[in-house]
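Next come two complexes, and both contain chain A; in the first it sits with chain B, in the second with chain C.
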Partner chain A sequence: MVDTLELILRHRQRSPTTRSGELYYEMLVEYFRRPLRATEEGTPLVAHTAYIPSEIFYAMDLVPLHLESFSIISPAVLHNFEEMSSVAKGFGLTPEVCSAHRVQAAWFVQGWLPRPQAVVWSQQLCDSINHSGALLQEAYDLPGYFLDRPYYIGEREVHYYAQNLAEMVEFLEGTTGHRLDQDRLCQSLAHTYEIAQAEREMYALCRQVPCPMPNRLGDELFSICNWLYLGTPEGVDFARAALEEVRGRVGRGVVPQENHRLISLYPPPAFSWKLMDWIEREHGATIVARPYCLHWAPWEPDFSHPLESLARRCFAIPISRHFHAPMMEAMVPDAVEDAIAHHADGGLFFAMINCRQGCAMVRPVKDALLQQAGIPTVVVDVDVLDPSFASDDDIKDKLESFFEVLAERKENVL
Partner chain B sequence: MKITVRDDTRYHQLIKGLDLMAEHRRRHPTTESDAMYYRLLADYFRNALNAGEAGKMVVANTVMTPSELFYALDMVPLHLEGLAVISVPVLKDSDHMFSLAKSFGLPPEVCSAHRTQIGMSLLGALPADVVVTGHNICDGSYKSGDLLRHLYDIPGFVVDRPYRYSDADAQYYAGELEELVQFLEGVSGHKMDWGRLAQSMECSRRMMELHQEIYRLRRSVPCPSPNRLGTQLLFLGWLYMGTPQGVEFFETVLAELQERQARGQGYVPQERFRLLTIFPPPGHKMKLLDWMEREHGAVMVADPYCSHWGQFEWDDSRPLVTLARKWMASPLNRQMHGPAELGWLPDTVEDALAYKVQGAIYWAHIGCAQGCALIRIIRDALREKAGIPTLVLDIDVLDPSFVSEEELKDKLEGFFERLEEEL
Partner chain C sequence: MAVAGIDVGSLTTKVVIMDGERILGKCLDLSSEEVEVSAQRALDEALKQAGLKREDLTAIVATGSARKSIGFATKQKTTLSCLAKGMSLLNPSVRTLFDVGAETSSVLRLSQKGLVEDSVGHDRCASGTGVFLQAMAKLMMMSLEDFAKLSLTAQRRAEVSTMCAIFAEQEVISHVHRVPPTPKNEIVAGIHGSMAVRLTGLGKRIGIKGDAALTGGVARNPGFARALEEEIDMPVIISEEPELVAAIGAARSGMDEK
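For the complex of A and B:
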């Protein structure tokens, strides 16, 4: 997988597009190369699921391995979803189970992951993750810790979560022998804050007409800054580079003519990010809002109480704050607010078919966007990892019809 | 989208169907508890329908939210998963429910229990005034509860259950229950009656003890319980926890088992295979369980997922902490939500050995990420630590079209042949 990512990187370097585009692949390669090096160098490697606060790993000098990223990126790069799916089936995981978890399980069963020293997992996206962590623990016979994030945000919940974080640190100290460095934790929180501020500024700039952020960049930011490099100087570099580019495009946008301004409500299929380029290039359709990636709740670091501050950060970060919370308090109001503020004229919901979290939100979000923001939403059924479920062509057909609807609506208004 | 018109036609049909089943059982008696089971089911759902006339509010609640609190606040509970799981086989309308859910955006890959709940909500078929949601089994409950609240525009509360069972976790959960009480006091206008809570908890304590005793008795060879019993106790426990009717049902079951055991009799004339089961069998094919015992002498003696309680300290002076601990230790809750290595895995292996089982059946409900994720781990553990094979049967607990009875019978017969050879 690392080799293929390197090939993609070299291709990008030969045909450069943007600094962030190049950095994106450089950083992916580096991120996934590190676990291999860590094993050789004897640095403890810790596998973890989405939204385990990576600031802790950096403050303890541990090498993290983000399992969902791995399972989302690997089949897209290796084109081996079918193989992974059949390994998972042999393990008892049916196609109805979320494909991200099936791919993870397949890697575990095959023993293809570099061996971590510990695993830490959490339910901050969904509780399918509860068992994925347990599976890895069992398959590799590893010590593990489950980080329990409360559902609501309130003082009692923050306190409880901070306690859980302290226990997680204790667990990691015990299993790896590395101590938490409080100064480094504060530094890491400062990096996270800088990333959050850059994302907030970029997101605010997306309100401009035309939108200055390319369609891919939102998802790249999500992957690099919110998942893989949160709390690191590298993450800050990426966010800065992206911010510079977005600032530089203010006033001129990313396409010669912006025909449709869309709010995206769920990640696009991982096997075809090119779709996002295609809607931009062929249809002048720009993603001007993506609350699940970029809508942060208010948060500022408090260096006098770093763990508590980290706990508050975990409640504020997008997608975790949208998925592990009442939908009428986060996902729905954020979508409506962003659709209006960003002047979106249509909603785009990639409905991941085996994700009960995402699918349950389809109708309330769609209704709220129509009633409160006055815009229609196209729901495209996909399996974000399985290209055989809905092909590029199927998706393009559906999107083209939607763009026709949007064009007609515009004509009627004019 | 809001559901502004409530239509209780389907709900009435369900009660009628359950009444007919109870009547049928009364006329063709098998056991006293069996007749009682259907009567209690009908009464439970009737109570929710009649609550308005009695001036009471109905709390629609997802699985494993502490019903003792509802009784103590003079509210009437309506168990959403219980309703979904029981109504579809009775009314045989799964296709209709699933197509409603599909039109709402829920594809067939989503667990059918949740799709049914959404279908029922969309029909306006739920007599609910307020929703209390938890994620004691899976986070699908959050979303189903959230959707009901949104569709009916009614107040709601989410009880956040911690993952582990430590003291700090129990305290946190008790804090959640305290907030739930405040919320329910606010919406109902009733004050918490702590004396009534104590009474309800006494019933729960008794039900728990009876359940543990019943489960212990099922170790006997031959086993004195019918195959349907585990699921019946699970459902009645869901619906009647904390009530005198629940106590009466569990006492009746225990007396029947004791009587059979005292006579040295099993429930089937000749017990050939002792089985452990994991996860609920398909609700629409309960006759398959009768067929297993009747035709093959295959008896489901152990079902840790719904019968194995965890240990905890009962402290009457701290009712909310005790309630929190009890719900964290109760079967299904303890196995599904907590760490597998603390609940599901050791409980299953322990029971396989203690109940002298020869094989295990894993009812793998296809839309359930929670249930399916551990298949391999449990199967391996049962083979390595208890020396028994496991048959994994792909099913959908609510969708009869997913797999036919014949296919299931074929697979079961193949498995029984294998067990026979090994014996």
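For the complex of A and C:
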């Protein structure tokens, strides 16, 4: 997988587009190389599921392995979803289970993953994530810690979560022998804050007509800054590069003519991020809002109480607060607010067919956008990794149909 | 000032030639593997009826699943907007449109101006489409016409799965082999009912409001139309030629943009 990513990187370097585009592949290569190096060098490698705060790993000098990123990126790069799916099926996991977690299971049961020293996991963002962490612990016979993140958002929950973070640190210290460096934790929180501020500024700039952020950059920010490199200097570098590019496009936008301004409500299928380029290039459709990716709740670091501050950060970060919280408190109001503030004229919801968390949001979000923001939403049924469920052509057909509806709405105000 | 609308479906190709709101010629023919050839044939037939030549047409608008294969069309429009345009011309009061074709079904919510407000489609499995009814009629060893009418005589519906065409087939076989066997008309009513439940469920995802209409080839099936009316608890409007609505909408959009 790393070799294939390097090939893509070399191709990008030969035909450079943007600094962030190049950095994106450089950072992916580096991220997935580190676990291999860690194993060779004997540095503690810790596997973790989505939204286990990466600031802890940075402050303890541990090499993290983000399991969901790995399982989403690997089939998209290696084009081996069918093979992975077949292994998972042999293990008893049917297509009703999230594809990303079936791929993880396949890697675990085959023993293909570099052996981590420990695994920490949580129930964010869904039950499958919870089960995958437990499965890795069992398959590799690893010491593990389950980080319980409360579903509701409030002071009591923040304190409870901060206590659990402290316990998780204790567990990691005991298992790896590495101590948590408080100064480094504060430094990491400062990095996270800089990333959050850059994302907030970029998101605010997306309100402008035309939108200055390319469609693909939003998804790259999500992967690099919110998932893999949060709280790190590398993450800050990427956010700065992206911010610079977005600022540079203010006033001229990313397409010659911006025909449709869309609010995206779920990440696009991993097997075809090119779709986002296609809607931009062929239809002048720009993603001007993506609450799950860039809508941070208010948060700034408090260096006198770093763990508590980290707990607050965990409740403020996009997607975690949108998917692991009551949807009427975060996802629905944020979507409506962003659709209005960013002048969106249509909603785009990729309904991952085996994501119960995401699919449960379709109707409330769609209704709220129509009733409160006055815009229609297209719901495109897809599988996050399996192109045989809905191919590029199927998806393009549905999107073209929606763009036609949007164009007619503009011509004849409803 | 005549225009042609061509709706290339998976099973049939429909063509209408219109001038204003008048239909001058029309044709419904089976689609072939060579989509463009069958569309050409249907267009020629419709032109003949209208007493016109290709050069008399100011626009040829293609719609339907294979619209992109029609190289001689001057424009392509998606099925949803053509259905909406066609229906607003034929029955402007309609706000909910159920369209059931051979291999897909869709529900559209229309605005007062006849534009698509919201829509939801179903194209991932056979149940809920015309080919499902065709397969069931074959299984019951009946013509599609007899099958369509038989359920009207039933007082109750036999239980048939609403989830899967394959399981529905097994259920139908078990009804036939029961002792005593379930009456045929109740089995057919059950089949129509299962499809109506599925389509109604689809419609509820976007909300069923105002006058409702049924289009597509399956609208020719009175048993299914009744089952749908029972499920949504209101009458459904069926135009004289329900399978031509998208082609009419395509022609209409050609006129709008002249």
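By our rule, the second predicted complex is superposed on the first by the 413 of 414 C-alpha atoms of A that agree within 3 Å, B and C clash if a C-alpha of one lies under 4 Å from a C-alpha of the other, contacts with A are read in each partner's own complex, and residues count from 1 in each chain.
Methods note: a contact is a pair of C-beta atoms (placed from the backbone, for glycine too) under 8 Å apart; a residue touches a chain by one contact, two chains touch by 3 or more.
Because the structure is predicted, anything quoted here is derived from the model rather than measured.
Touch criterion met: A:A134 reaches chain B, while chain C stays clear of it. Of the two partner chains placed by the overlay, chain B and chain C both lie in contact with A:R363. By the touch criterion defined above, A:Q110 reaches neither chain B nor chain C. Look at A:E400: by the touch rule set out above, it reaches chain C but stays clear of chain B.
Considering which of chain B and chain C touches more of chain A, the answer is B.
In the superposition on chain A, contact of A:Q13 is made with neither chain B nor chain C. With both structures placed on the common chain, the touch criterion links A:H101 to chain B but leaves chain C unconnected. Within the superposed three-chain model, A:P376 lies in touch with chain C and out of touch with chain B [touch as defined at top].
By the touch criterion defined above, A:R409 lies against chain C but remains apart from chain B after alignment on the C-alpha atoms of chain A.
Of the two partner chains, neither chain B nor chain C is touched by A:Q182.
Judged by the document's definition of touching, chain A residues 363, 366, 379, 381 lie at the interface with chain B and also at the interface with chain C.
Those residues of chain A that touch chain B in the shared complex are 91-98, 101, 105, 109, 123, 126-128, 130-132, 134-135, 137-138, 146, 148, 150-152, 156-157, 160, 163, 324, 326-328, 351, 353-354, 356-357, 359-364, 366-367, 379, 381. Note for the complex: chain A touches chain C at residues 363, 366, 370, 376-377, 379, 381, 397-398, 400-401, 404-405, 408-409, 412, 414.
Across the interface of their complex, chain A is touched by residues 1, 104-111, 114, 135, 138-140, 142-144, 146-147, 149-150, 156, 158, 160, 162-164, 168-169, 172, 175, 337, 339-341, 364, 366-367, 369-370, 372-377, 379, 392, 394 of chain B. Listed in rising order, the residues of chain C touching chain A in the complex are 77-81, 111-113, 115-121, 124, 205.
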